[in-house]
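Two complexes, one shared chain (chain A), two partners (chain B, chain C).
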Partner chain A sequence: MAKFRIKRYNPEKQAEPYYEEFDYDIPEGATLLDCLNHLKWNVDGTLTYRMSCRSAICGSCAMKGNGHALLACQKQAAHLLKDGSDTITIEPLGNMPVIKDLATDFQQFWDKVDQVKPYLQNKEKPPERERQQSPQQFRKIDDATTCIMCGACYSDCNVLEVDKNFLGPAALAKAQRFVGDSRDQATRDRIKELSKPGGMWDCTHCGECVERCPKPAEPFYRIKELMAVGLEEGVTNNVGARHALSFVKSVKHSGRLNESKIPIESMGYFNIKGLLDLVPVGLRMLLKMKIPPIIHKPIDDAKDVRRIFEEFGE
Partner chain B sequence: MKFALFTGCVAKGATRELMLATIKSAEALGIDFIEMKSAACCGAGVISEKNPVLTDAINARTFALAEEQGLDIITICSTCQGNLKKSECHLDEDVEYKDKINHVLKDGGHQYEGGKIKIKHFSNILATPEGKALLKEKIKRPLTGLKTAGFYGCYVLRPSELSEYEDPDNPKELEELFEILGATPVYYPSRIKCCGFPIIMMNKDASHAMAGNALIEAVEGGADCVVTGCPLCHLSLDSYQPEIESMQKKHYSIPILHLPQLVALALGFSPEEIGMDKHIVSTVGLDKILAQHA
Partner chain C sequence: MIKHDVLIVGAGLAGMRAALEVCKDLDVGLLTKVYPSRSHSGAAQGGIAASLGNSEDDSWEEHMFDTIKGGDYLSDQDAVEEYVKAAPKVIYELEHMGCTFSRTEDGKIAQRSFGGHSKPRACFSADRTGHAILHALHEQVLKNAKSIKIYSEWYMHQLIVEDGRCGGVVVSNIRTGEVEVIHAKAVVFATGGYGRVFQITTNAFAGTADGAIAAFRAGIPLEDSEFVQFHPSGLYRQGILFSEAARGEGGYLLNGKGERFMEQYAPSRMELAPRDIVARAEQSEIDAGRGVDGKDIIHLDLRHLGEARIMERLPQIRQLGIDFIGVDCVTDPLPIQPSAHYSMGGIPTDMFGQVVIDEKGTPMKGFFAAGECACVSVHGANRLGTNSLLEATVFGERTGRSALKYARNAEFSKVNESHEKARVLNQVEEIFQRDGSESYNDIRNEMKEVMMAKCGVFRDAEKLKSCIATIQDLKERYKKGKVTDKGQLFNTELYEIIELGNMLEMAEIISTAALARQESRGGHFRTDFPKRDDKDFLKHSLVSRNESGMELKYKPVVITRYQPKERTY
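Entry: the complex of A and B
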């Protein structure tokens, strides 16, 4: 017998969310969604969640199982019982307000997707038939097009937990779908928008979205592709881009990072406020002799590394 | 046990105490290291923002160096570990890609074959049955009474298929090591989250909030210190702790230790010998706790 510990909340009736436990013997091969359906249809009809396709296509049934976002219809319930535990904890997606029980309000999620202009921008007169792409051109956006807008990535994104202004993984993956589209003509404008605070450079690389994404969309990898386009397009008047350029320069020069130079070059020599922000921590580290050796020592055979940088176009 | 030590840049720069503690604890445990002095920076996931192929090329060169020595690579930085594993995966899953990179490496006298060496974080080595047995055998001063909150460093956990930990969504390796060393592990949700370091200059408030949430959870869980396997996490949690406290309007001053420092303490080294006096947040309180239980 397994215990389903479900976080429940009806804002019209309760002041606070609470957990309710349901016992259910998981049938062989049953998905988490099958189990919830059993509970709803046979035990408590007020249990609320979204679902539709039952085959990981529609993106409706995302929720948290044991603390991490997943699609209920894609996960076998028995696989959530680990280390001999008999309890599965089910909660609504994170980083969104709860409407009732496991149903969350996606408004902010959709607003952010809208913000990246998720449609083709092309000023030319449409051709007689569709605008075509070669298979190679399509490959650049293939992964991003698989997104089913389930919100699993958004739920677990570590930056969104502390900054609701961040565009978030799904919207950024959607942005890559158009930035990388050979038929789209707004690349530069898009990249400029995405380089603003709250955009692609605010991603902290935590990999949570890659881990939770049920499809090949894997937003973090799409975000890296956006960053590369940003640097290629020369949209570099921001801390994130300067940081990347300074980093590449440093490792090319000595085979390793020059930690004293990077913060200053990243902030930008004329960014007085940004530079002043670095002073307290810099002084503190200096007092503890934490500042790296004044003479930046290159690795052995740094010449070979520099050669490889040059061979690959840096 | 003998390994090729990939130090990473930060352990040779801002957190030299990590290098010191690694060498001391490895020596005492009888783990042999050869420092990879000609290995380049792993790229930290930043070089790949500009040039992903170049990132894999410099890391292929590092792997080739280890292959030449016939030694597995050991890292002491979660970020290095995560990035080296990503490059290894790119190279191993696409022979053509590997050949293209090897073609460039050839002029420097290196070739990456693949499948010959492993890449592991120091904590992974300690968490093997051999590592655990060594620790048990060599402990001189059990850390009884010390409550330690592990902070893994997200790059060693995700994507999980590249992680060397058994269950990256609910890892236990650090906590098991704490118990072997005599300390009491503290479990808290942020132990597997990001500390915010990569965006410390792009979005300072968000970065500090991420680190701050982890610190508060650890403190509320009763931890005396946070122990991390990543020098970048250490910078975020230790060097910036005064900013974080003033942003949160809270005062907790919780010491942050590098994992090898915690190990070295249990092996009998004094805090000064392993650079604990080089931290921004004072670690003096820990001595008192340990003395009480001695």
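Entry: the complex of A and C
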């Protein structure tokens, strides 16, 4: 018998949220959504959440299971019973106001998607037939286009917890879908917009959104691709990028951020693999006196870091 | 009261494509009970058909013939001709809007083969074609936010018809429970299919016949409702679709004894026979007690393909099995069964999306329909794969144009707002007042079970009569269901109850039309009348309700180029 500990909230009845426990013997092969449906249809009809496709393609059923955002329809309920525990904690997505139980208000999420001008911009008159695009060009946006707008990444993004103005991972992934599209002609304008405060440079590279994303969209990788384009385009007149300059200097020197030069409190989390991917681009830019990306936590072994830089031949 | 020149209900492919036409000149309201990007069009995997000829020579004539033959000659051929001719243009338009398509080496839209099509004409975006198109259209709708107002998570309850003209709809905001009238010069329905009537279905929870039933209750008959397509490979119990590709790559179908039973049914095509034939073969095995472990299970066995091949060609399918039923197809066969997939019938329209209300083609002024909820009819008795995304797009566009043209020259009709609102408020109040002696969950499950067992892959008079009786009984029990949530705020239970009411009505319509059609054609198979009967049944059914119950009428099929022939593959 498993316990479903569900965070309930219904402002029509009670001002504060509370947890309620339901016992249910998880049938073999049941997803978390199957279990919730069982509870709603047989035990408590007031239990509220969204769902539609139940095949991980519509993005309706994102919620938190044991503290992390996931799609209820994609998760085998039994897999949430880790380490001999008999309890699964279900909560609404984070970084959004709750409407009722597990249904959250997506308004801000969509507003931010709107902000990145989420449509193809191409002023030329289209040809009679299709515009040409090679398979290689298609591949550049293939991953970003798999996003189902479920909000799982948005829920668990650490920057959004402290800065509501941050565009957030999904909107940035959507932006990459156009920046990377060989048919889009607004790359420079887009990058300029994305380089403003609240844009791509505010991402702390924690990689949480990659962990949470149920699709290959994996926003942080898309953000890195945006940053690379930003550097190539030389759109660097912004705070984030200026931090970045001192960062690469100090890392190359000591393997560490120089904390007196870079206000460490504006950063937080760290993804070394992700950042090292960017190093070659960053260094190239530095040499051209353009400005490289940002990184956040000190690195233990300065020698290794220097060696990495050397291997890149920079 | 909210006002729009044109109000569109449904924001899948059909609804959004229509909105993009209307917004060129008039103001549009686009209403959907889920967010637009959550519409079920997004679940379509395989592709969208058009004779672009990008990988092999192709022509609209061949596309037309395949469609008509696939539909077992029940398609209206004038409509099919317009539809296949329009196909390449709408695909190019989608591409110009930014839709991502998989490409050939020389940069063209790639095309692949699909069941029932004689040429590789399925344009696709990897294994998520519907998703790619849905999002491209959504992007364009967001771009045109000035003239398209989106009502996400609003529910359409009723159609407003006065003096033979449609004047708007009664809706409610799911989030607040507020009931509103939306006054419009023209209304377009694009509310999708109704597979949820059946126990095992590939359709989303939202596929509940709301649009078709709202039209039906406004006095519009429903056309060809008996034709429901069953897909051979829905996941056991869940119905989640495993695309045809699994069989295309060489997957075996095995019964409980481990036999490749297709040898008995289609020895030359084996697992690659057309969908309806494979679905019937599977059901025959199950009915004969040869399902796996005596259950309603057929095995889709991919093990012999090996992990490398599966990972290369069918990664998505493997993931689906792992996520949704905890089975890895590399080491174990996947449990599948026939699943209700697509509704060929629906709200009758002419080939411009104008809804017609009788066998003479009399139009209902100001009311249009497109996509799966409509019956034009291009699919006839059986739809070919990749033809319905195309239908939603082509007829979405055409219907949008018709609604635009109509609304430009029309005035707002008179609508009695308080009366219209009261109809819905009373219905909700009545639901809240029920005595609560019945469980809606039981009623829903029994409806789904009886529809699957008695109005499913195999039908006969006896089964159908008992099916209708059960549904009528369930309708009585429905009036006594138990409600636990009587709040205003995001009351999903209430909407599920209303949807169940719609599905019960739809179930009765489907089984009534199925009982009357004493022949077998396309998706409709009668064991007591196993042959197609062109003499008596080469005609479309129209079901409506009069004082004494369901009434059946028929209208002729339009035949232009291709005379009916036996359908063999």
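Just so we're on the same page, the second predicted complex is superposed on the first by the 241 of 314 C-alpha atoms of A that agree within 3 Å, B and C clash if a C-alpha of one lies under 4 Å from a C-alpha of the other, contacts with A are read in each partner's own complex, and residues count from 1 in each chain.
Just so we're on the same page, a contact is a pair of C-beta atoms (placed from the backbone, for glycine too) under 8 Å apart; a residue touches a chain by one contact, two chains touch by 3 or more.
Keep in mind the model is a prediction, meaning the values are calculated, not measured.
Enquirer: Once the shared chain is lined up, is A:Cys203 touching chain B (first), chain C (second), both, or neither of them?
Expert: First partner only.
Enquirer: Between chain B and chain C, whom does A:Leu81 touch in the aligned arrangement: first, second, both, or neither?
Expert: After superposition on chain A, A:Leu81 lies in contact with neither partner.
Enquirer: Let me test your reading of the model: by the given contact rule, A:Met51 touches which partner, first (chain B), second (chain C), both or neither?
Expert: Touch partner of A:Met51: chain C, not chain B.
Enquirer: Shared contact residues on chain A, chain B side and chain C side combined as an intersection?
Expert: On chain A, the chain B and chain C contacts do not overlap at all.
Enquirer: Going by the contact rule at the top, pick out the chain C residues touching chain A in the complex.
Expert: These residues of chain C touch chain A: 34-35, 37-40, 42-43, 52, 91-92, 95-98, 100-109, 125-126, 128, 131-132, 135, 139-140, 142-143, 145, 175, 204-206, 238, 240-241, 320, 323-327, 440-441, 444, 483-485, 487-493.
Enquirer: Show me the residue ranges of chain A that touch chain C in the complex, using the header's touch definition.
Expert: 10-13, 28-29, 31, 40-42, 44-46, 48-60, 73-76, 78, 99-100, 103, 106, 113-114, 118-120, 126, 128-135, 137-138, 141-142, 145-146, 148-149, 178, 181, 183-184
Enquirer: For the complex, give me every residue of chain A touching chain B.
Expert: Chain A residues touching chain B: 66-68, 82, 158-159, 161-163, 166, 197-198, 201-208, 210-211, 224, 227-228, 231, 238-240, 243-245, 247-248, 251, 255-257, 259, 263, 266-267, 274, 277, 280-281, 284-285, 288-293, 299-302, 304-305, 307-309, 311-314.
Enquirer: Show me the residue ranges of chain B that touch chain A in the complex, using the header's touch definition.
Expert: That would be residues 9-10, 12-15, 37-41, 43-54, 57-58, 61, 82, 104-105, 107-110, 154-155, 157-160, 167, 169-170, 189, 193-194, 196-199, 201-207, 209-210, 213, 239-240, 242-243, 278-280 of chain B.
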